[in-house]
Every structure is written in C-alpha cells, then in structure tokens.
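In what follows, chain A forms one complex with chain B and a second complex with chain C.
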Partner chain A sequence: MFKNVKVLFPCLIVLILLLLVLDIQAGYASIPWNELLSSLFAHGDETTRFLIVELRLPRVLASLLIGIGLSLSGCVLQGVSHNEMTEPGLLGINAGAGLMMALYLLLFQNQSPHFSFLLPLLAFAGAGLTFWIEYKLASNKKKLHPNRLLLMGVAISMAITSLTTILMLKMPDQQYAFVQSWIAGNIWGASWTSVLFLTVSMAVIFGLIAYKSRILNALALQEEVSIGIGVNVFKESRLFFVLAIILASLCASIGGGLSFVGLVCPHLARRIVGPNYKKLVPASVLIGGVLLLVADIGSRTLFLPYEMPIGIVATVIGAPYFLYLLMKN
Partner chain B sequence: MELAMEGKQLVIGYGEKIIIPAMDVKIPKGKITSIIGPNGCGKSTLLKALARILPLQSGDIEIEGVKMSSLKTESIAKKLALLPQGPQAPEGLLVEELVAFGRYPYQKGFGKLSKEDHEHIERAMKATKVLDLKGRSVDTLSGGQRQRVWIAMALAQDTPIILLDEPTTYLDMAHQLEILELLKTLNEKEQKTIALVIHDLNLAARFSDHLIAMRSGTILYEGDVEHVMRKQVLADVFSLDAYIEEDPWSHKPTMVTYKLLHSKQ
Partner chain C sequence: MNHSKRWSLLLFLSCTLLLLVLLSLASIVLGSTKIELSTILEALKNPDLSNQQHIVLFDLRIPRTIGDLLIGASFACAGALMQGMSKNPLADSGILGINAGASFALAICVSFLGTMHFSMSVFASFLGAGFAMLLVFGLMMIKGRKLDSVRLVLVGLAVSMLLTSLAQGISILFQTGQDLTFWSAGGVGGIRMEQLIVAAPILLVALIASILISKKISILSLGDESATSLGLQVEKTKTLCLLITLLLAGPSVALAGPIAFVGLLTPHIVRFFVGSDYQAIIPACMPAGAILMVGADLISRLINAPRETPIGLVFALLGVPMFIYLARKGMKDHV
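Showing the complex of A and B:
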C-alpha cells in the first residue's frame, strides 16, 4: 500500500505533524496539552509561551530541517557517486566542520558574544574547505572520479578527526565536553534566526534538486549510458555534489556531527518507492524528517533529567533497523 | 559511399596508454557495420571514442559531415545512440522508465513526457517486443529480454545511428540471433545506420554489410563481407587457419571450422 506515493506522502506528512506536536510537548518540563494548545493559538501563560515559542519550537523545527537536509544530501550523493554507502559524513563534511570549530575554540579561548553566529559560519567554512580539497584532488581534465572522491573523503576525514582529537586534548574540560557533544550530533543554538535561515536556503536547494531530478535520474545510470543519452556528466554531477555538500554543511552548522541519517533514510526511501528520483527525493526528505523528530523526542525524554545527543539517539534507532533491512535481502 | 560517421587521424587511449595510435575510420550510412578483431585489439575503445564516451587525444570525428567536437553532447544524443557492453540498470527500475531515458535529449526542465515522447517510447517497445514487460523491473528480466529493453531505450532516442558494444555477449545462440534479426529489421525498415562490436565471425558475416577488421589498434582490412571474410584476412587478424565456405542459406561466406595457425592438429 505504501508503495503508492499518493498514499505514502500524505501519511508521512501527517506523521511529521503529529511528531512535531509530540516533540514540542516532550522534555524536562512537560507541558499539559491544554496549555500547549492555548499558548500556540491563543495567549496562554507567559512562561509556558516563552518555553514553547522561544526555546522548544526552534529546536524542534531545527531537528526536522536537519533530518530533511541530511537525508536529501545523502540521497543525492548516493546517486551521483554510484555508491550506496555514500553519505555526507563519509566525505568528511562533519569532520571538517568539527575541526574548524575546535580550532576556533582553542585559538580564541574567550566565549565571544557572537559565538552562536560564528559557529554555523565556522562549521560551514570547515565543511566547504574539506570538500574543495577533495574535489581538487579527485578531478582532472574535466573528469570527476567519484570513487577517488569517496576514498579521498574517508582518508581526509580520518586525518581531520585525529587532528581534532589532538586539539581537544589541549582543551579545558568544559570546552572538551562541548566539542565532544557537538561531534556526537547535538542540536546546538537553534534560534528563530537560524531556523529561518535554514528553511529559506534549504527550500531553494530542495527546489533546485527536485526541478533537476530528471538529470539526477540520468546521472544514476552508469556513466556510459548517461553520456550516451546526452547528459553533460562532469558539469551536472559537479553541481549535484556541491548542492549536497552545501546542504550537509548547513545541517552540520546547527546539528553537529550527525552522520547516520544521510545513509539510512535514502536507503529506506529507495526500498519503498524505488530508484526514480522524482519520488525518491520527496520520500527521502519526509523519512529524514520523521527519523530526526523521533530521535529528538527520544533524546529529550529517555534519560531525564539528562539530554542525550540527538545523533546518538538517531543512530541507536537507525542502526538496528538498517541492519534488519540489509539482512532481509 | 555515403558516410554516417568518419574519424580522421584518431589517437585514442586511456591517459598515457595509447590503444589506437593513428586511425582513419569510416562508418557507411544506412548499413550494418561490424567491428571484429582479437581481444585487446581496441575495437571497444574505438566504439567508445565514436560514441564520445572516451575523449580523443587527437583527431576529429565527423557525424553526418559535422565535427562532433562542435556539437553539444545533448545534440549528439539526437543523432547517435549507444548501447554499452553489459549495461546495468539501477535496482528496481521499471522497463518503461528505462526506455523513457531515451527521450532525455528531447526533454526540458522537470521532464514531463510529452505526447510525442510517449509515442516514441511505445513504438520502441513494440519494435523490440517488450511492450508487455513495461511494468516489470529491469533486474528481474532474462538476459535476452534485458538486452531488448536496452535496445528499446536506444530506439526511443530516435537517432539515425546506433552503436552497440558486444550486444550478443552472454546470450545463448537463439537469443543472439533474435537480437541481430532485430537490428537487421531496424536497419531495413527504418534505414538506421548500425555499428557494432561482435566476437562471433559467422554472425558478423551473416548480418553485416560492411566489416572492419582490427588488430593491435589498427585497421587491417575493411570493406564488404566477401572482401573481409577470407582465409588470408583471418590468418592476419586472428592468426587462425580458417576453412571458409558459402553458407547455403544466407549465401555469405561462413567459417566451417578453424584451428590456430602453426598448430600441429
């Protein structure tokens, strides 16, 4: 039944809406339902309203957006690299962002008042720089070698992670803990500004990818076939790589080193709707949103009064399911 | 002889490794041309270069008299379709989805198929007899069916020229014949120019109008079947001692038996 996208997509959208409400309600200070409704739609109690509108809602929306972004990024990368194992983390995106942040913290010991603005920029710069180096190394004479790019990504991200670890050893405990939780994947500093920025930029990229899903389909064929039917493989795959990397960097800048989402969600989507990107793109996006909302609820309810990094919860939920999927085939 | 494609002073290779050092090659228009030769002689390499999969290191290829280097890859795809060796479809891709890829060079934007696109797709599936498979997933098909589906994709591209790299490899004899009969029909009914790489010399002789025999990156012999399918040619090209007779059915030369030159048997 769920193979039919006309059934699947509305179901997933409803599920996301339900999870959104659940997620807002969940947490250390649980909010009674009637208060939740009144503060969302009318003027309720001022404290509750602040808690919901200023603290929880941005975080919840950020989780949703990060799930969407990472899943979409992985979905695109798996197609253009012709490799089912590809996900943004594999290309060293998270590692690059993490190193940049660790460097900044170590060099400018102070907690600058602009840190929450700087962090996304730093993460973005680190991720972009890492990809740029890999890209330069993996392409020559108007030809991009996806396999070389992946191997490069694995090697470089290992090197970068080691560097980050060395830097972290020099940090005071508090900073160490911050970087550690960032690397594990934690929604950090979600504000309305960042949510708005994420929404707009991701909407633009999503639109572009969905509009070009015909080309993405053609690129997922083997290269000889793609060229044969008239695809400009070098130009188009470069564009998709860059779009996917921008998406992943945006997500890393707010969600830290979340890695599993970009691998599992597109896989699951492919199992359900098949390899056609016209269906695969929306399916991946919706499934990514669902997984991170569930993970966010888990991260804020399972270990009260502590909060688990959302990345850990996402992996704990995702990994067994992923194994099950692989075993079934 | 009118030409569909012509390569002049081609130098083709992979990076430092030159496979074809200097070659002039002609593909006659409206004919079936088979490229034959021993393993590693560069016949697939030549086909890939003709299909612009492999960039030329030097030289020019003209397609219907126009330099290919001056054309966009999308415009070339409207003149020339390629079926690579042992093509793989993404898991779960449906037959009609695969055939629809043939319409890629004609589409714009999001790529909703036009009425004309649908007509071409259906015609291609009818010609290759895969219409009743259209809802099946490509990876569940048999080898012969799968090859016909890929040919349907090339047909949907609606090009005057089709290049095929070993389209009969991995198929049993009946299915090999089926594919070649299909190509022959396309050539006769729709005047398609067809060029293919093929290992079976007797099938090449039976279905081709024109043969190109290669060895070590050069063309040793080319011309009509009677000119190339000769004892001396097979000795030079394959180092084979071949016993050639006229095929009583097709009246083309056919190799009855063969042994290695200088062998004792």
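Showing the complex of A and C:
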C-alpha cells in the first residue's frame, strides 16, 4: 500500500504533525493538554507559555528541520558519489564542527555568556573550513572527482577526529561529558533565530534540489550514460556536493554529530519508493523528519532525569527497522 | 600477473622489508631507556633476569615490536580483503562491526564490572568483535540469502552504528566515557608476551591464508557475474574471506584498539606503487601496514618522551598528510 506515493506522503505528513504535538508535550515538566492549546493559541499561564514557546517549540522544530536537512543531504550525496556508504559525516562535517567546539572549550575555560549563540557559528565555521580544504585537495584543474573527494574526506575526518579525541582527554570531566554528548548528536541551544535561519536557508536549497531532481536522476546513472544524455557531470555534481554540504553543516551547527540519519533515511526511502529522485527526495525528507521527531521524544522521556543524546536514540530506534527492511527485500 | 608487474611487486616488497627490519631494530633500541645493540646481542645469548635492561627488552620492547608488526600487517590486509570483496574503496574491517562490537563489549565491562586488567579487556573485546561479526553474518544469511556486497556493507554499517550507539549510551549513563576514549585512541603499550603467544599464531595463519586466496579476491573484485563466469565459487570465497578478516582484525582490535587509518588507507597507498591487482595488493599491504604501525608507534614513544602520545594522533598528523600527498600525486598521473 505504501509503495504508492499518493498514499505514503499524506500519511507521513499527518504522522509528522501528530509527532510534533506529542514532542511538545514530552519532557521533564509535563503540560496538560488544555494548557498546551491555550498557550499556543491564546495567552495562557505566563510560565507555561514561556516553557512551550521559548524552550520546547524551537527545539522540536529544530529537530524536525535537522532530520529533514541531513536526510536530504545524504540522499543527494549518495546519488552524486555513486557510493552507498556516503553520508555527510563521512566528509568530516561533524568532525570539523566538533574540533572547533573542543578547541573553543579548551582555550576559553570560562564559558562566555554568548556561548549558545557562538556554538552554531563555531560549528558552521569548522564544518565549512573542513569541506573547503577537502574540496581544494580533491579537485584538480577545477575538476572534482567524487571518489577522491570521499577518500580525502575520510582521511581528513580521521585526522580531525583524532585531534578532537586528544583535546578531549585533556578536559575536565564536565566539559568532557558536554563534548561527548554533543558529538553523539544533541539538539543544543536551538532558538527562534536559528530555527528561522535554518528554515529559510533549507527552503532555498530544497527548492533548488527539487528543481534539479531530473539532473540528479541522470547523475545517479553511470558517468558515461549521464554524459551521453547531455549532462555536464563535473559542473552539476560540484553544485550538488556544495549544496549538500551546506545543508549538512547548517544541521551540524545545531544538532551536533548525527551520522545515522543522513546514511540510513535515504536507504529507507529507496527501499520504499524506489530509485527515482522525484519521489526519493520528498520521501527521504519526510522519513528523516519522522525519525528525528521520534528520537527527540525518546531522548527527553526515556531516561529521566537524564537526557540521552538524540543521535543515540535515533540510531537505536532506526537501525533495527533498517535491518528488518534489509532482510525483507 | 604479467612480468613487469611481478618485478614492481618484488621491488616494492624488498624495499619495504629492508625498511621494516631497520625500523624494528630502531623500535627495540629506542625508547625512554636506550638500549645498546651490544646489550641486545648479549641478552639474546645469555638472558639475565636480574639485569634491568634485559627485563625491559624481553618484557616490553620485543613484545611491543612484534605486536606492532603483526597488528599493522593484519589491519592492512583485512582492509584490502574487505575493499576487494565489497568493491567499495571506503571499506575496512570496521564495516563488519568488529570495532563497534569490541567497544560495546568493553563499555559493558567497564560500566558494570569497574576497572579491569588489560588481559581481561583484550578477551572481552575479542568476544565482542566475534559477536558483532556473527550478528552481521547471521543477518546476511537469514533465509539462505546470498552474500551480496552492497547489502553486506549496509548491514555491517547498521550493526556497527547500533552497537556504537549502545556503547555510547551506556557510557553516558554510567559516566565511563573517558576510560573508553583511552581505548579507542588506540595503543600497543600494554602488549605482553602472554597475549602474543595466543594472538600471534592466529594472525600468522590468517595472513598466510589471505595470500593464498588473493588470486580469488582479485577475480571477485571484477564483480559477481564475471567471477562466476570465470568459474569461481563466489559464495564460498566470500565466506572464507569474511572468516579470514575476522581472524585478522578481531585479535588486532582487541590488542591495540580500533586503528582505522592502517586498514582503510594502506591499501590505497599500496595501490599507487603496485597497481590495482589484489594478487599484488594483499602481499604488499603486509609490510606497508607493518611499517606504518611500527613507525607511528616509534614516533608516539619518542615525540614527547618519557610520556607516550596516543598513536591515533601520530597517524593523524603524519599519516594523513602522507596519504594526501600520495593521493594527489596519483591524481596527476590519471588526469
């Protein structure tokens, strides 16, 4: 039944809306349903309103957006690079962001009051810088080879991860725990500004990718074939790489090192709707959103009073289902 | 293999073996206490267990150097086997869940049993590695499925990510993360003779076995259809290849932690010298991986003596630039 996109997409959208409401409700301080509604649509109790509008809602929306962004990024990267192991984290995006964070924490022991504002900026700078270096190293005479980019990405992210590990070993326990949970993937410091910024930039990139989904279909074929049907392979794959990386580093700047979503959601989508990017792009976007919302609910309710990093919950929920699909098909 | 390729392989092997002998000698001689060459000869002729230097030599330096050699060769060889079998340049023994299984087992032991002896942790991580690999293999074989390489990569990745996440979750709940980070940074400082006596025969047998099946891997890397039409029993070869990879990587991960660099990048480095035939890559990987490991371990001991720098950092700072240089040089030849 779900093979048909006309059934699947509305179902997923309804599911996302349901999960959004559930996710706002979930957490350490439980909120009765009537208060939830009244504070969303009218002026309810001041504290509850603050809790919902300023704390919960940005975080919930951020996890939805991050799920969407990472999944889309992985979907594009897998198509362009012809490699089923590709995901944004493989190219060192998370590693670069993590190193910047660890460096900052180690150099400026006293956390500045602007830390929550600075964190996304630092992460984005680290991720962007890492990709820029890889891109320069992997391109030759302005031509980019996807396989080389992947190998460079793996090598450089290994180097960066080791450096981060070394820095982490020098940290006091509390900082260590913070960086560890950030690297495992945690929505941290989501605010309305960052949600707004994420929404606008992702909408633009998503539009571009959806508009070019025919070219993406062609690129996913063998290189000779795509040249044969008149696609400028180098130019187009460069564009897609850059778009996917911008998307992933935006997500990493708020969500930390989530590697599972970008890898598995596109594969899940492919096993449900098939390889046509016109259907695959929306399907993986929706599946990514669903997975991260479920994971966010889990991360805030399962281990109270602790908060489990969302990346860990996403993997523990998503991996068995993915394995099941792999066994079935 | 044609004539010129055989010569380039022989040249590569003889050069690397020479370098390897020199490096191993250096690894025995150099360290926080320096040992003269004459002392080594004397210690080999009549060992004196009351002499401090002889004790360092027999208990620390020699086991450590042998460990480096074997582990480097095994990781590199396991990486080459996996890349050949899965036809994926990003594969290494880690995608079979070996590293993740080992760290999962260690996370459980450290969190529930507290700190433990090194030998115990070696045993635990080997068990974990074997368990993860059996899990991947079992999932692949359910309902008598075929060992399709794309599915193998996906199943392996999903299982490793699952186990890694569980390990991270456990270590966050029990706040034992830092103990585990020391392990995952990798290191061979704790290797003693008792562990080598168990691990070395397994590794040696697996290394020889991988040379023996290198011709089949070479055929396998052409793709399943071509391999079948060339008369290769694809399923049997793949199963054998997986088994050998476990025997190579399991004990190595247990002894030294997950050293991803050697397994993933050595085959690529070797490819620049001997070409893309696995019959040449697999034997050439062994001395090359061993050199990388002995060299990196030597530097990790000397750079900040008497303290040891984690071997992961040495690979990050020296190995990666070297890899990038070679990769770019190879690029100019191709384009």
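List of remarks:
Going forward, the second predicted complex is superposed on the first by the 325 of 329 C-alpha atoms of A that agree within 3 Å, B and C clash if a C-alpha of one lies under 4 Å from a C-alpha of the other, contacts with A are read in each partner's own complex, and residues count from 1 in each chain.
Convention: a contact is a pair of C-beta atoms (placed from the backbone, for glycine too) under 8 Å apart; a residue touches a chain by one contact, two chains touch by 3 or more.
Please read these numbers as outputs of a predicted model, since none were measured by experiment.
Of the two partner chains placed by superposition, only chain B is touched by A:220; chain C is not. When the shared chain is aligned, chain B comes close enough to touch A:228, but chain C does not.
Look at A:169: by the touch rule set out above, it reaches chain C but stays clear of chain B. Of the two partner chains, chain C is the only one that A:150 touches; chain B does not reach it. By the touch criterion defined above, A:260 lies against chain C but remains apart from chain B after alignment on the C-alpha atoms of chain A. Comparing chain B with chain C, the partner in contact with more residues of chain A is C.
Judged by the touch definition given at the top, the superposed model places A:306 against chain C, while chain B stays out of reach.
Counting contacts as defined above, chain A residues 141 meet chain B in one complex and chain C in the other.
Against chain A, in their complex, chain B makes its touches with residues 48, 51-53, 55, 72-78, 81-84, 87-94, 97, 101-102, 104-105, 107, 109-111, 153-154, 157.
Residues 88-91, 95, 139, 142-143, 150-151, 153-155, 157-159, 161-162, 164-166, 168-169, 172-173, 175, 177-178, 181-182, 184-185, 260-261, 264-265, 268, 310, 312-313, 315-317, 320, 323-324, 327-328, 331-332, 335 of chain C touch chain A in their complex. By the touch criterion stated above, chain A contacts chain C in their complex at residues 83-85, 90, 137, 140-141, 143, 145, 147-148, 150-152, 154-156, 158-163, 165-166, 168-169, 173, 176-177, 180-181, 184, 259-260, 263-264, 267, 303, 306, 308-309, 311-312, 315-316, 319-320, 322-323, 326-327. Across the interface of their complex, chain B is touched by residues 141, 210-211, 213-214, 217-218, 220-225, 227-232, 270, 274-276 of chain A.
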